[in-house]
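When the chains are written out, they are named A, B, C and D in that same order, and each has its own residue count from 1.
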Amino acid sequence: MKIAWDIFTIVAVMAGSFFFLAGTVGLLRFPDPLTRLHALTKADNLGLGLVVLGLLPQTHWPLDTIKLIAIWLFALLAGATVGQLMACTARRGGGPPK
Amino acid sequence: MTLALAVDIGLAMLILAMAGWTIAVRDTFASVIGFVTYGLLLTLVWVRLAMPDVALTEAAMGGGLTGALLIGGAARLRRTEAAVRTERPGMLTRTLAAVLSATVTAALAICVLNLPDPAPTLAPDAAAKLGSTGVGNPVTAVLLAYRSMDTLLEAIVVLLALFGVWSLAHDRFWGGCPQLRTHADSEGILAYFARILPPIGIIVGVYIFWIGADFPGGKFQGATILAAMWLLVIGAGLAYFPPISQAWLRILLVAGPLVFMVIGFAGIVTAGAVFAYPIGFAKPLILAIEIALMPTLVLALALLVAGAPQRMPPQ
Amino acid sequence: MTMPDFLLSAAAFVLVMVALGLIRILRGPEDVDRMMAAQLFGSGGIAALLLLGVATEAKAVIDVALTLALLAAFASVAFVQGISQPDSDDSDDFKETRGK
Amino acid sequence: MNGPMLFGLCAAALIGFGLYSLIVNPQPLRKIIGFNIIGSGVFLLFGTIARRGAAVGMGGDPVPQALLITGIVVAFSATALAVSLLLRLFDEGGVVTLDNEAAPTETTTDPSDT
């Protein structure tokens, strides 16, 4: 059983790391702020989410497990809010009114 | 351990690059964003140095409050940017500054390389007396038992800084309310966020405060989180700062250091020395000081970010 | 390769990835882009901390990550507010929101 | 070479960077940031010394660690005061400069002197 959970951890953490790779590539290669924002939120939600998911079997129930899930929920909430706020800012031209 | 060392080297290079860029970039706003990231890197360094207490403080202070403070300042000073840039000092000044800085760095580096071996440490002493304080976290024991005078003076310094900030208010706003720049839209995403996050954030803040007795954490870290939550609610336009003339505000601000001092000086009678705790009462007294200091720190830290009063309360 | 080693390598990998993303901070061109890079670095830093913390069984690291996650949006929110109303008149703002 | 030593050298470099910025950057807010970088370098140097004192199962000497926490909070307070001073200076004259000759009115020099 332990082996099965370890494999689950490895797969999920690797998948999470892949999304951080994808997020970085997107942030560097995409042409405009809105598409970059899209890449960023994928890394935020899926990257961190999969890493947390993968770490869950390795942590001590209950406090650490709850904390880990809470971290992901905070990141989701923050990502959603900041994503929308930044998209508004980017659409209005990014910089300050000149 | 080679992987760990590789991580350390990478982290050190990254932090130097970030600091260098923060200094070199032309735009102040960009520099502030760099500084926020720099704070996060410092948190990672503290974790690598096995000091979770300091990492927690840096995580809460560096990224959160200091970031908000500097971003607010940079936004208001944006118009002055172009005018100030013309004041850039000449080549000679810059060269001399570079030479001076390099000398300081070299001297410090020599000191670091010649640190005494074995390193002097107070850790065994701190561990030996830990049982008598009733506290499990040695850092908390230092803050509130062995070196509690420092902690008291620190709380007073925070208050003095706050009074300094308040005294910068225009005469006509004295006793008024500080103000953050707020989003006027009370139905927007930010208002939604500021309704959901603070209840959970308060639980986390109190949790960090509470576990401080035995594990990394404590009142400074907890207070910073609570202050950030309060600022978030105000920043979203859901609440306003109270006028600084309010009696309850002033009482809470002074209560922490006052309780600390009363308990400290009571030590002369009960335990024979200033800031000594009578045997068996150390833990409850430490707890009393922490609980009294908590509101003081939350209010003071948040109001420091808010700055000087900028308007009178509505009638 | 043991589990802690794997987690440590994953932490290093994530850290390198988001550190590369910081090139966006250097390039800009707008401050929004810079803030995005800072945000990505924030999430990556949290992920790396969690991996590190579980790998070394350092429980306190999870609390550090929790604090970071809680305050992750804080600087970004301040940034958006700072940039969106650079010269707003504060007192008018107050009356407007009060009236709603 | 080990971790703590490495960060100690890093701290020395950070102090140098911050000092340079403090002298050379004309914008006062940038000087505040530079000062904070010096501060973080000093903290890191202190952290190196604390880490070297690791003993009896502790990650580092707890006394410097406690002082570091105190120091970070005090540094934040000082930064807040400095930013407030700067904003008040801006409110007075609409210009932010530490150059006395360039200051437009007499009152603007007062906050910068304190």
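Going forward, contacts are C-beta pairs under 8 Å (C-beta built on N, C-alpha and C of every residue); 3 or more make two chains touch, one makes a residue touch a chain.
These figures come from a predicted structure and were not determined experimentally.
With each centre defined as the average position of its C-alpha atoms, the distance from subunit B to subunit C rounds to 18 Å. As a whole-number value, the distance joining the C-alpha centres of subunit B and subunit D reads 13 Å. Subunit A and subunit D have centres, each the mean of its CA atoms, that are 32 Å apart.
Residues of subunit C in contact with two or more other chains: 31, 35, 37, 59, 63, 66, 70, 72-73, 77, 83-84, 86. None of the residues of subunit D touches two or more other chains. Of all residues in subunit B, those that touch two or more other chains are 4, 50, 52-53, 72, 74, 76, 78, 190, 193, 197, 200, 204. Taken chain by chain, the contacts fit none of the simple shapes, being neither an open path, a ring, a star, nor a full set of pairwise contacts. Chains touching one another form the pairs A-B, A-C, B-C, B-D. On the side of subunit B, the complex with subunit D involves touching residues 4-5, 8-9, 12, 15-16, 19-20, 22-23, 28, 31-32, 35, 38, 42, 45-46, 48-54, 57-58, 61-62, 65-66, 69-70, 72-74, 76-77, 80-81, 83-85, 87-89, 93-94, 97-98, 100-102, 104-106, 108-109, 111-113, 115, 119-124, 126-127, 138-139, 141-143, 146-147, 150-151, 154, 157-158, 161-162, 164-165, 168, 170, 218, 220, 301, 304-305, 307-308.
Of all residues in subunit B, those touching subunit A in their complex are 78, 189-190, 192-193, 196-197, 200, 204. On subunit A, the positions that touch subunit C within their shared complex are 6, 9-10, 13-14, 16-17, 20-21, 23-24, 27-28, 33, 36-37, 40, 43-44, 47-48, 51-52, 55, 58-60, 64, 67-68, 70-71, 74-75, 77-79, 81-82, 85-86, 88-90, 92, 94-97.
Residues of subunit B that touch subunit C in their complex: 3-4, 6-7, 10-11, 14, 18, 21, 27, 29-30, 33-34, 36-37, 40-41, 43-44, 47, 50, 52-53, 55-56, 59-60, 63-64, 67-68, 71-72, 74-76, 78-79, 179-184, 186, 190, 193, 197, 200-201, 204, 208, 211, 215-217, 221, 225, 228, 231-232, 235, 237, 240, 310-311, 314.
Per the touch definition, subunit C reaches subunit B in the complex via residues 5, 8-9, 11-12, 15-16, 19, 22, 25-26, 28, 31, 34-35, 37-38, 41-42, 45, 48-49, 52-53, 58-61, 63-64, 66-68, 70-75, 77-79, 81-88, 90-91, 93-94, 96-98, 100.
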